[in-house]
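For reference, the structures are reproduced in the following blocks.
In what comes next, chain A is part of two complexes: it sits with chain B in the first one and with chain C in the second one.
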Partner chain A sequence: MRIPTEQAIAQQTVGTTEHAITEQAIDEYIIAPNINPVPEGSQQAFVNDSARGSTEAPRIVIELPPVFRKPPVTFQPQHRFRVLQKFEGTVLEISEQECRALVRDLTSPGYVEEVTFSIDEISASDRSLAVPGGIFYWYLGYDDHIEGQRYRSSAIIFRRVPAWREKDLIKAQKKAESLIERLGWKREDSSFQR
Partner chain B sequence: MKTPPSRDEIEISIFGPGIGEAIVIHMGDNEWLVVDSCIDRITRNPITIKYLKDLNVNISSSVKLFIVTHWHDDHIRGASTILEECEGALFACSGAIGSPEFIQFCLSSRGALMESSGLDEFNDILEILSSRTNDGRMESRGPQWAIADRKLLHLPKKGRCFNVEVHALSPSDAAMTLALREIGQMMPKAGTPKRRVISQTPNHASVALWVIIEDLNILLGSDLENHPPNNLGWKAVLLSQNRPAGRALVVKVPHHGSSDAYNRAMWDQMVFSDPIALLTPFASGVKPLPSTADIGRIRKHASRIYCTGQPLGWHSPRRDPSVERTIRETVRTRRLIHGRMGHVRLRFRAGEGLKNPKIELFEGAYAVG
Partner chain C sequence: MPKTLEFDLASIIILGSFNPAIFHPIWFKANGLIRPEEADKAKLEITNPMLSIFGIEWFKLQVETNRFVVQTDTETHFELLSDLVIGTFSLLDHTPVKAMGLNRAMHFKMDSEESWNAFGDKIAPQDVWQGVLQEPGLLSLVMQGPKQRPNQRSEKLINVRVEPSSRTIPGIYIDVNNHFEIKDNDLQKVLNILKESWRDVLINSRKIADELMKEND
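For the complex of A and B:
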């Protein structure tokens, strides 16, 4: 990447036309993140100056911080995870050492396997979600790093599901009452309480 | 396989794909009993429907009773489809789930990420039954709650080949109370995270059945287990003064032959010596069923044992070798639990007992050697 010097930038901005500094021109540069941070407000003042529309040629005396040319915007992921196999799992039983789960094949639907794996396969942030009935996804595939290395990878990610809301339960209760009535089981002398 | 039984021929067919089971019984005169449901992995339909259609049975009128022994996924998957087709059947299920609490439990589960095919199926069943009630159809029958010592069906011999009775042996009163408590504990509470429903308690609410076809008794053990105290499970069945008398010639071994469901007195008091024992495997759980020890225990009571499939040994789908390698490195144990659908078919004529039964094994079914 070509990095223009401070002097070159000054020549480019001042040497072309005195009114030529526009937001578009500014947009072509980004501030170097680590070298000589921009004094707060300096760039904003620069823009405002040029936007005033004065007939007198402005004298630009701002000390420009070192800037770089903004690189073209391209997507360059650091690494890519290529999924070869997906499972959806339900925890059946969990102990301090291992987890027993039912996993449903999402890549070749129709196959269900029961597996046990070490608790260490579950990330620390997901441990609290690993309870009987907890739902997780298990991804297997290749982790392709930008440096070119490829790793086989297995990731178990627990699903974060919302908590029960009072209104969900009330709704279910009402539906149950309605169904009971339709089935002809409704008793006259008692209401169905949750 | 597609030849229907003759009018006076009794048939007992049991299906099991590794997890789940279903039973159909020809009670004579082209009248059928269907117990539980499981799904054929290939057709994705209840195996019972496919089988009866293959036999050219008019399902809507010929199935007289459809029983779901308990709501666990492995016994109820596809049950609503069966009920939809069996318009003329009486629907019966465990009395332990005949409570408003269970209905609310089912309804709150729908679309709430705590999906369970058992609960979803039961939801659909209730909807079907309520729609039948509302349109006033004659066939809108059920649910009939199966509880210990209740006769669920009686087809008198008048105009038929056989007298037929179907009795529930369980759940006991104590089991019903326990089941209600379990449901209460599983009921969602505001503020708690949504989860799938995993029932891990012993299955005392399951409906064991006693089927009488003329002079032949059949014991269908369902998943009824054998735990203390005496007012639960098989102990309660054995202590009952009101259960039908007699001994069975054919036994569907309870709970896939597990030691949890073994009660020696059941074999000694309720079953003839050397009956035909039918089994389905259960590939899930801490250990697959039946184990070698389970088979050994059953063999003490029955020399003819037929199982719908092996609890282990099914093949996973073909996957990328690197995926297989990573799976092997990640998991400690692993087994495929949906295997080939196996089918054991037993046909014989009433009055001949089991002198000359015709036993056929289809797909993964095998005679336990």
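For the complex of A and C:
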């Protein structure tokens, strides 16, 4: 009774193609070689993992011509940012020196406040995104470096989503016009009247 | 029981049909999805019609003809990871998709080998294995919910994998895979799930891990 999913997976593999695809898809998700590579060793409640690297199939198999084969790349972070508090902000107004924004606390939902901060807090490459309506994330936390040093740090990062395309605007306009027509409203330039 | 989250990784995986050659730092830069200086400093591993792999400071991307994978271990960029995927597939809006996985993988450092073993014993009791294996030990355990029955499929499944961590010893690795089946190659559904659920998925995945670890307290 403690292993219901093993039964479920067994059913998938002997079931229809549909189920087999599902099961296969789950396997394909696993990118553990990057995330949890083979440990150096363990014992007692956990098994010594040296066997994993021997006869078990690797979880990612990419068949490429030998010339393309490269060792798997793993993350080797030089520092890690430990988030203590994070906010989502919307730019209300921006001047040459300051940015006024409405921020809501994502760590304590419900807290909303208007803040003003120097635009020097915004990285140069994000300045073009800092326009009224622009959305950003603001993180406060510790920046732990690999050598052991800890810095208190703050980071403002603007969201990057693609601009509206002409075809999106035309599609939205057609949808709006269809809705207006169904509601029986009359259109006069930029305003609508019943 | 004292434990510390040492490594925290988020990933978004989409299964479908892709053209890997498109997924190049220059394409992301040209479409404003990454900063110009990020693209200029990108580490390009490989790019060809079968496979594209590159990484920038905060994410690593790998695209095969049937799988798109992007992951980050920078918590400040968890939210932005979904923006990146939404932006990418808003542009590639005719991409056929069949499934998506929203994943959070966590490595918890345990304060002692005793507490580490106690956790393993609790989640996979060794008593069951006495007489079956010599010195049994947990290598990997995957639990799935909801339970799948013959001829039934859920649109959403959660797979939780528990293993000894290889990054921190003694440590526990917990990987929460939120699997979404996508019918009719509906890319818009993928985008909607990301827009509406990504943050909740991250929070819930952490809650699952905390709940498992709590049992050991």
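By definition in this document, the second predicted complex is superposed on the first by the 109 of 194 C-alpha atoms of A that agree within 3 Å, B and C clash if a C-alpha of one lies under 4 Å from a C-alpha of the other, contacts with A are read in each partner's own complex, and residues count from 1 in each chain.
One rule holds in what follows: contacts are C-beta pairs under 8 Å (C-beta built on N, C-alpha and C of every residue); 3 or more make two chains touch, one makes a residue touch a chain.
This one's a predicted model, so the numbers in the text were calculated from it and none came from an experiment.
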item: First (chain B), second (chain C), both or neither touched by A:T116; value: first
item: First (chain B), second (chain C), both or neither touched by A:L183; value: first
item: Partner chain(s) touched by A:R82 [first = chain B, second = chain C, both, neither]; value: second
item: Which superposed partner A:V161 touches (first chain B, second chain C, both, neither); value: both
item: Contact residues common to both interfaces of chain A (with chain B and with chain C); value: 141, 159, 161-163
item: Contact set on chain B toward chain A in their complex; value: 19, 41, 100, 103-104, 107-108, 112-114, 126-127, 129-130, 133-134, 187-198, 200, 283-286, 316-317, 319-320, 322-323, 325-327, 329-338
item: Chain C partner contacts - residues on chain A that touch it in the complex; value: 2, 4-5, 8-9, 11-12, 15-16, 18-19, 21-22, 25-26, 28-32, 34-40, 42-49, 51-52, 62, 64, 68, 70, 73, 75, 77, 80-83, 86, 88, 106, 125-126, 137, 139, 141, 155, 157, 159-163
item: Touch list for chain C against partner chain A, complex; value: 9, 11, 13, 15, 31-37, 45-46, 48, 50-51, 53, 55, 60, 64, 66-67, 69, 71, 73-77, 79-80, 83-84, 86-87, 90-91, 98-99, 101, 103, 105, 107, 113, 116-121, 124-126, 128, 136-139, 142-145, 147-151, 153, 157, 159, 161, 163-167, 169-170, 173, 175, 177, 179, 181, 199
item: Touching residues (chain side chain A, partner chain B) in the complex; value: 84-85, 90-93, 98, 100, 102, 105, 107-108, 110-118, 121, 129, 131-135, 140-142, 152-154, 159, 161-166, 168-169, 172-173, 175-177, 179-180, 182-185, 192, 194
